[in-house]
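Next, two complexes with subunit A in common: one pairs it with subunit B, the other with subunit C.
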Partner chain A sequence: MSDTATNHASVNEERQKFYRRVMVYVALTVVTLILAFPIIWMVSVSLKPTVETFSLPPRLIPETLSFDGYVRVLENPQFRRFLLNSYILGLVVTLLSLVIGTLAAFGFSRYRFFGDKTAKLFVITTQMVPTITLLIPFFGVIVWLRLYDSIWGLILTYLTFSLPYAVIMMNGYLDTIPKDFDEAATIDGCGPLGVLFRVLLPVAMPGIISTAVYTFLLSWNEFLFALALTRSIEMRTVPVGISMMVGEFGLKWDEMMAFSVIGSLPVLILFMLVQRFVVSGLSAGGIKG
Partner chain B sequence: MKFPSVMKSVMAGAMLCAGSASAQTEIEWLQWFAAENVDGFYESLVEEFEASHPDITVKLVTQPFGKVRESIVTDSAIGLGSDVLGLNMPWTSEFLEIGLLEPLDDYLARDDNSFATADLVQAPIGKIDGQVWMVPLNAFPFVMHVNMDLVEQAGFTAPPTTWEEFSEQATAIAALGDGISGFGIPLSSQPPANGPILTFLPLLYANGGRIMDGTTPNFDNPKVVETLQYIADLNDAGALAPGAASRTGGVDLEEFIAGRTGFLISPGVHAQAIEGRNADLNYVAAAVPNNGTKAYRVHGWELGISSGSDKKDEAWTFINFLLSKDVNARVAAASNALPGNLSALDIVGEGAGDVMQSQIAILANDEPVEELRQAPNAVGSWSLMTEEMQAMLRGDQTPQEAATKVQSRWLDLID
Partner chain C sequence: MSRVINGLKENGTPYFFLLPCIVILGALLSVPLYKVVEYSLYDNVIVERNPTFVGLQNYSNLLTDSAFWSASVNTLIFTLGSVIGHIIVGTGLALLVNAEIHPRAQTVFRSLLILPWIFTAVVVALNWQLLLNPFGVINYGLTEIGLIDTPIDWLGDPAFAMWALLLISTWRGYPFIMVSFLSGLQSIPKELYEAAEIDGAGFFAKFWHVTVPQLKPVIYGVALLDLIWTFQLFPLVWLTTGGGPGRSTEVLSTMTFRQGFVDFEFSQAATTAVSILIISAAFTILYLRNEKQKI
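For the complex of A and B:
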């Protein structure tokens, strides 16, 4: 093959690569815009007076920038209470899920005992039940336990959803860590918990973070059970608070969107901070789960 | 000897405290009003009641409007029912079927009530099965909100008063273009899918029609068909806002506020949202245009007592407080509504704006109509109306066919 022909082939290949890359970026941009549009619109509506929300033609950039929705929401002690409740719920459920889930996963991953496979299968099976079908039984149990309209009722409920996931995820992640680590630590004098906390958990940090993010998101976003299992305004969470802005006689669009933005911020910030760990944690947990 | 006497004092004090604590009865008030109103208004009302009734405390339970009906049913089923219930008249027959409500006749007959029964808005206290089941906290006559700028741009000087004028003005306003419509009819299937009761029923009543014959559905009568035909004609003339099948009551309101529709038929209480969100709108409220009958649909927030409550006397004491003239006037003013206790009308009317005055005039001159209170499966019925009216506006069926189908499907629903 002559040099000219080789150069042509090389140029063509470069060109094709370039076009492929452009097409990939165009496709990614389009998909990103489609996915991000509801969020962008949410922010846009939160920053304009309601009358502009329904103006024609619709405007993405507000003609009149208004922070009234944010001010009204943040000045209202009830909405601040909803935020506090959501934070407490999210943090407690996440912490408990991690502690209990990790210990259970450690057992499943490192020990063989009678019924271990059945127990693991049972844990996985709980994830297959549609949560809506559990609403009425949960309602009865929570009332019977006298936990109705209390934050502990919600914590207990959310734990039953997040724990199986935490166990499966952490079990999958711990399975990827060679048992040689345990043996080396044992030789060095570590007991079982020492092996877990001093050796395995630092290595399993991405799995812990991705599990923590999932459980936090679960309790932060959950609406149905939060609505059904609480009653007084002091026990409401952010999603229920947002739904309370849909009234009999219309919607407070700017307040609703402002509160939605405020409610989304912790999740967005959390996800941006730990995104790298979440991806690696999910993929590692998924391989051997 | 000193120690025992100190102990005695402590024990006596503790017993006194325990006695006073146990003498205080807590009642629960489930409602959605606090989520609709001025922030903190109902909380302050409860505080005021507790200050004047130290033996009763009130727990205010606020749910989003869309969840209250289900909450009342499910809470009651598991024995968590509230004592005082915020009610919506269309829920009545369903609640009576499952025995949720306590009859109020004996309470209304008491001598020490703060109001006269004759002064109450009458629609909610009409007897069903020979008894009264609810009392009105306030009342919202359905009115027609009018964008006067659009009316004037279309070449008219006053809001329409008859169907003919309404049709003429709505069509002329739609002809202005720029995304402007004459009138919106919200027929979204999205729950609560209550568009027909917001717009169709007020027009039907102003045409002298009804959908009930006593407690039996009677939807396929000539007046209903005539009203459906009128709506179909408005659609054919291009007067209706596009996308009726996906239009909710909320969107209907917001588009009116944004100046995109000339007319909005809805409860007078919407004036608060309209004036609050677009102070520049040149807007008036008027009676719904009629076709020979001056009648209006009346809606409101009602109060009842749960049949499962073991604190019914205390619950009535609280209701009695809410219906007292001064308190009821404040409740009405806070929601821009008419009072449930009409003796408070003079207080509400004092210094009230034009929109409130229009509502007072409608109340004084026109006939109030409320049929959904005694309608069987009222909530299911308006979903049927929504579906059949959608099909009619799509051109899939005639008004007569729509009316016949609603009637037969409604009867099937309650069989």
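For the complex of A and C:
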């Protein structure tokens, strides 16, 4: 008798749980669709001929599918130049930050030394300095160093946000590797560099990849320095290039949205490939700008 | 002798690893921070070879400039509004994604919900200009359901521009809070919820008495970080409204940029930049005091 009663209660509870789960799925799907709508709409407009951009009622699926925007953007050598600049800049900044940042992270993670806490606080603090405050003097210094309108000026200034990020991220990953690894390797005759390169880095590969992806993303998306420290059309990056389209190309929405899609694809693909690793890192990096 | 050298080698090792990083960061920060203060004490810097020393003149100009005060008020509204928006949307989504659903589905929803963060500010700005356009989808939807009679130029009307900007900023920034809270939520021991359930706590009681206190350290740090970053944010404002219409959405960062790169008044720009630095330094100290305990 009491057995059936408990059975009944647990069946009820199961059913309630099931309904609750269905509700969560429905809510998540609706919210996600609403929040992803701007992105979906961007793709939709990029595939419409310009006359259809504001046609009423709005259609998600274009009446006439048109790849004109994409073709015009990809055929334009200026846009290809923007993409090339952003790739080169992103790769150089990522590589530099990763190498210098990993060395520093290794020092922080594996040694206790005089001034270690101060040095770490200093690295964290550098992330907090307002970009706009740095920009004004950077402009003066970069012009003075004759690095204005060159990729070197951008590489140098990008390190102010990419390097602290790389240090903090890599420090976090190296901290998760037990010290026994180092000791075993030291007994086998490895020096500190041997420990880092032969033992720790292979284990920390997911961390390195996610740090690299996110550093690349920060560099790819940066706008303020790229806008103010370059001048010629040959030196512009993707974000600045897109922003210039508004004035120079008389608001052709299909082209602008096509270039936005093309310009977002590299980071989107990278992010999707490694999102498992990256998500945890996002919270450490924030977004400056 | 060799022991001394060995000792040096032993103790010197970490400094060797840190040296490149600290030297580069030190140079990249100390030089501009020194320079920006110096610029703010001179007149006609950068554009002229021999600028004149004017002491605190630029500061008194700034403090008596009504544009500075209206930009400060806008910055306050923009920063607080954005951070509150991020926290509300971010917390709600973190709770929803953290609900007991299939881990696969959880991963998919989480990565889809992070998307607004992945795009560069220019793309975000263009997307929303398209949506908020007088002939755009949002106006169409609102007129169809009868909320408004005639389309509104959300970004071009001084009465609505700040609200539109806050909407865009909320959309762009909530993923940071969501991701941070999500990892915080997943570290709360399940036993606490079970114990609360035994005591008869419902959903809201559990949220208020278990989730919030457990998340408190995370909330404080993350909110401060968000505040510091939003306070100095430039691209999103510049690219959506450009500080306009008029000066209705002009914040301190766009004002600095305008003074420097539109009006070529770099001394005045440096002065505004220093004021931004001072305010964000105050928040940074709060953040570091919190962070220090974790190191």
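Criterion: the second predicted complex is superposed on the first by the 273 of 289 C-alpha atoms of A that agree within 3 Å, B and C clash if a C-alpha of one lies under 4 Å from a C-alpha of the other, contacts with A are read in each partner's own complex, and residues count from 1 in each chain.
Basically, contacts are C-beta pairs under 8 Å (C-beta built on N, C-alpha and C of every residue); 3 or more make two chains touch, one makes a residue touch a chain.
Everything numeric here is computed off the predicted structure, so don't read it as measured data.
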Problem - Superposition on subunit A - do subunit B and subunit C clash or fit - result: clash
Exercise for the section: Check the residue A:Leu163 against both partner chains and state whether it touches subunit B (first), subunit C (second), both, or neither. Expected result: second
Exercise for the section: Could you say whether A:Ala119 touches subunit B, subunit C, both of them, or neither, answering first, second, both or neither? Expected result: second
Exercise for the section: Identify the partner contact of A:Ser243: answer first if only subunit B is touched, second if only subunit C is, both if each is, neither if none is. Expected result: both
Handout entry: Contacts of A:Ser260 with subunit B and subunit C, given as first, second, both or neither
Key = second
Practice task
Examine A:Asn76 and indicate which partner it touches, taking first as subunit B and second as subunit C; both and neither are also allowed.
Solution key: first
Practice task
State whether A:Leu217 touches subunit B only (first), subunit C only (second), both chains, or neither.
Solution key: second
Handout entry: Winner by number of subunit A residues touched, once subunit B and subunit C are compared
Key = C
Problem - Clash with subunit C, by subunit B stretch, listed 73-81, 163-171 or 325-333 - result: 73-81
Exercise for the section: Take the contacts of subunit A with subunit B and those with subunit C, and give the residues found in both. Expected result: 53-54, 56-57, 139-140, 143, 228, 240, 243, 246, 253
Problem - Touch list for subunit C against partner subunit A, complex - result: 11, 13-18, 20-22, 24-26, 28-29, 31-36, 39, 45-46, 93, 96-97, 99-101, 105, 107, 109-128, 130-131, 133, 135-137, 140, 171, 173, 175-176, 179-180, 183, 222, 225-226, 228-229, 231-235, 239, 252-253, 256-257, 260-261, 266, 269-270, 273-274, 276-277, 280, 283-284, 287-288, 291-292, 295
Fill in the blank from the handout: So, in the complex, the side of subunit A touching subunit C is made of residues 17, 20-21, 24-25, 27-28, 31-32, 35-36, 38-39, 41-42, 45, 53-54, 56-58, 100-101, 103-104, 106-108, 110-111, 113, 116-117, 119-126, 128-141, 143, 156-157, 159-160, 163-164, 167, 192, 217, 220-221, 223-224, 228, 238-240, 242-243, 246, 253, 256-257, 260, 263-264, 267-268, 271-272, 275-276, 279-280, 282-283, 286-289
Practice task
Would you mind writing out the residues of subunit B in touch with subunit A in their complex?
Solution key: 32, 34-36, 39, 59-67, 74, 78, 80, 178-179, 249-251, 253-255, 257-260, 266-267, 269-270, 272-273, 277-278
Handout entry: In the complex, subunit A residues that touch subunit B
Key = 49-57, 76, 78, 139-140, 143, 148, 227-228, 231-233, 240, 243-251, 253
